[in-house]
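Each of the next two complexes has subunit A plus one other chain: subunit B in the first, subunit C in the second.
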Partner chain A sequence: MMATLVDAITFSSFLSMMGFGLTLVRRTTGVWNVAQAGLVSIGAYVTLTLVSFVGGSPYLYLPLAFLIGAGVGAILFLVAINPLRKASSIILLVATIAFNLILISIINIYADYLQNVFGILSKSFLLTRLDFKIFGRPAISTISVSTLLIFTIAFYLFLRYTRTGLALRGCIEQPSLAGVVGVSVRSLYLFSWVLAGGSAGLAGGFLPLFFQCNPNIGFYLIALMFCVSILGGVGEIYGPFLGGWLVGFVQIFGTTLLASTLGPWVILYKGLFPMVILVLTLLFVPQGLSGIDWRAKVRILKRKGG
Partner chain B sequence: MLRISNLNAGYGNAQVLYDIDLECKLGEVVTVIGPNGSGKTTLLNSIFGLADIFSGTVTFDGISLSDLPSHKIVGTRLGYLRQEGNIFETLSVEENLKMGGVSIKKKEVKKRMGEVLSLMPVVKPFLSRKASTLSGGERHLLAIALVLMSRPKLVMLDEPTAGLAPIAIKQIIKTVDRLKDEGISLIIVEQNLKDVLKLSDRSYLVVSGRNTFVGSPDKLLERSDLKMYLGLD
Partner chain C sequence: MWYQFNLFTIDLIALLGIYIIINFSLRLQMGYTGIANFGLVLAFTGGAYVVGWLPVRLGMWIFHIDSGLGSDMIWNNTLIVSQINSCLQGQILTALTIFIITLVAAAFVGVVLGLASGYPAARLRGDYLAISLLALGEILAIIGGNYDPLVGGPLGVQVPDVWAWTGDVRFTVVSIVNLLVALGVWVYMHFLEKSPIGRTLRAVRDNRDAASSLGKDVTRIRLKVMVVGAMLCSIAGALYAFYTTGVVTSAYGMFDWTFLPWVMVVFGGAGSNWGVVVGTLMFITVRKLIIFYKYSFAFLPFDPIWLQYLLMGVVVLLILIFRPSGLVPERVSYALSKSRVVKIANKILSEK
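And then the complex of A and B:
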């Protein structure tokens, strides 16, 4: 039970980080960024490469995974999104799909290169042996949750107390008015893509300590990222943190519970749990959990009760 | 100060304005009037980089605005109060004012906020409120305060009294009058002519995207053939 709880917490932390980037660029530029998958894979390969060539703990390379993810996020915005800024959201979605295919292809070529030239097992790898223990448990759980917590608090403080954070909030609400009062909207869009790429790279950097990774690892997780973003609600920037934890817990606990009741074959279909939640969310609360006016709901309940 | 010559502008392939000339000098109040759909808002949008300029020139203090993006135009000390979407509803009133001050130095924002609030003390009581909770009149006042935060020398106001109750209109007109006294030049697009023409030094009548009259408000009011556009008896 304890191990399942720890797994759920760890997995939820990754999902929240990945979903955050997806929600942020959706809120700012109105784009569903499928290339978030490729950015996650990049993070995993940054960790693998540095652990293989430099050595040491994989945690040391997380800042670099963030920076490289951020850099690729910036390139994606400048090369594919900004030139198409007047295009429809469907065209932009297709552009991110194309960019993702390019990224995944490059990562595959790179993995082949690592394997063929340096003999590194890069087409399928797991780095749990390099993890250490905290309170008898793999450190990944504590460190991933702490990182998410620090990331969330830092982002909250940034939005609340900095000038750029305020401008970003204004820009999310009304980009044209933000431009009229003197905000460089394009620069803020670029910033949001950098941050989204960074968070995906960071989450990807953690993955080899928890999952068997390969060049398509981000692609396997993209449906869950969308689930996190939609369930949490794209209307609220903090939505993915809520969505990530719900999806992570449902997937891990739902699978464990049903596998113990119906048999281990259920594990093969574990991806279905969050998808069921996604469908239910779209049907009944399309604005996502963070978009619900909970105060109004409480008022209605009180009125009915009274 | 602001000079527009032979302006042809619109959106995409659709031309809205034809050979427009307009001038606003330091400390002047200029009104732009005309029927709905005549291109008044497009005129302001094209000055501020929000519409496409096909030909002609727009200069402000000798700087050509034609190729500048909106956020850089603010830096020339030109302000624009749009008719709609002119406040950030999810932000507090104080945050709205801070947003208005993004083009000035960070350390000057607080001082400027004090200046704006002394010019518009009516905004002060609701500083901590969320902008979405304000009434129509309060929203318009906040929108004006927001524009003033960037220390503009010239402010363009697009129908600042549209949809307001008479008491709120009075308050807006009073504020506009104070701005004039402060030496801020104003270009006002307005339907509520009775009050605005009193403040105006010169008026432009725009019909179907073309200038059809330029002159003092008194001369405008003498023209019985233009009354159908003015809604005045």
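And then the complex of A and C:
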């Protein structure tokens, strides 16, 4: 039970980090970024490469995974999103898919190269043996949760108390007005893509300590990421954290619970969980959980009661 | 060399037919109606699964094959299929009946899948719809890959060869059949372009509010288009499975059957039938060439197949940035032909 809880917490932290990037760029530039999948895979390969060539703990290389993810996020914005800023959201989505194809091919070529030239098992790898223990549990859970917390608090403080944060909020609410008062909307958009790429890279950097990774690991998780983002709602920036924890817990606990009542065959179908959640969300709360006007609901209930 | 060239061309034509059907499905949904369906693979897989499941059972029933084998259809699959194949050798009519019944069943499954995925999705707008369908696309792959009785799980199943009676020219015949079905879809699309339905669909695409103010039920029309699109994809999936005479769940991935069609259609132009055909032809040829000459690239320290994805991504980005309407852009299509418009105009002028 405890192990399941820890797993759920760890998984939810990853999902929140990945969903954060999706929601942020959707909020700023109106794009659903499919290339988030490739960015996550890149993070995983940064960790693998450095652990193989330099050695040491995978945690040491997380900042680098963040930076490389951020760099690729910036390239994505400059190459694909910015030239198409007048296009419809569908075209932008296709552009991110195209960029994802490029990333996928580069990652696969790189993985082939690592395997063929250096003999590193790069097509399927797991680095849990390099993890250490905190309180008798793999450190990954504690560290991923604390990273998520630090990240969230830092981002909140940034939005709340810095001029750039204020400008970014302005860009999200009213881009044209923000432009009028002298905010460089474009560079803030770039900044949001950098941050999104970085968070995806960071989450990807953690993954080999928890998952069996391969070049398509990001793509394998993309349905879950969309789930997190939609369930949480893109209206509020805290949406992905809500969504991440809900989806993560439902996925892990739901599977365990159903497997113990219906039988272990349920585990095979755990990939269907996010889809069921997605359909239910779209049918009943298409605006996402953070988009629900709870006060209005309470008012209606009170009126009914009175 | 000649033999290899022959194989290359036959495979090219067969795949061309299949991709043209899927791409016209996308043209119908995206080009006409503005539905960004990123879940093409769903119905395609559905159609293929029908071929993995139904013809074997039909064959066993028709040829009274020992029911002892039927106790484990998957374990005995190869044995059953080889018995059916030997029975099918001289039976052209039976083989064609099985083929047609299976196609109809696949079309029906396509309709059901289109309804199931379209109902929650059709009311969504633009990109929400796109990513929901993207996420839903792999449902059947997960089920098929794990639930063995359906199509043999990860190992897959063989399919009775309904074209066995054609003998040596089997692959030629199948590729021509695929191409003929594709041509049929093309003709349908051609007439759709000038029909009232085509104009309604474009109205739904260009301005939902205007269309609904004229009494068109936009959500319903979108759902219908998704159902027809899914049906086409499902038929394509069935044809593909009949062509390869096997269904392996891992062969029905999102890359080959959702992204590749999108790349082709965006490249050729979603707004024009010719664009779809040109885009499909070019990409299929390049893809086949890369696979064909794969071993000439053996000196590379990686699998050259990845170059194909790289190329696809770069080409799509370039097209989107520099020629967003695709290679062949959409033309204005008039309700009446130009000569008739001129005639009417002259008549009005002369009456004045």
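One rule holds in what follows: the second predicted complex is superposed on the first by the 306 of 306 C-alpha atoms of A that agree within 3 Å, B and C clash if a C-alpha of one lies under 4 Å from a C-alpha of the other, contacts with A are read in each partner's own complex, and residues count from 1 in each chain.
Methods note: contacts are C-beta pairs under 8 Å (C-beta built on N, C-alpha and C of every residue); 3 or more make two chains touch, one makes a residue touch a chain.
Quick caveat: nothing in here was measured; it's all calculated off a predicted structure.
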Which of subunit B and subunit C A:Ile109 touches, first, second, both or neither: second
Broader residue contact with subunit A after superposition on the shared chain, subunit B or subunit C: C
Partner chain in contact with A:Tyr156 - subunit B first, subunit C second, else both or neither: neither
First (subunit B), second (subunit C), both or neither touched by A:Gly182: first
Which of subunit B and subunit C A:Phe132 touches, first, second, both or neither: neither
Touched partner set for A:Ala167, first subunit B, second subunit C, both or neither: first
Complex contact set, residues of subunit A against subunit B: 163, 166-167, 169-170, 173-174, 176-185
Residues of subunit C defined as touching subunit A within the complex: 36, 120-121, 124, 126-128, 130-132, 134-136, 138-139, 142-143, 146, 254, 259, 262-263, 266, 301-303, 306-310, 312-314, 316-317, 320-321, 324
Subunit B - residues contacting subunit A, complex: 48, 50, 69-71, 74-75, 80, 82, 85-91, 95, 98-100, 102-103, 106, 146-147, 149-150
Subunit A residues within the subunit C interface of the complex: 31-32, 34, 79-80, 83-84, 87-95, 97-106, 108-109, 112-113, 116-117, 219, 222-223, 226-227, 230, 268-269, 271-272, 274-275, 278-279, 282-283, 286
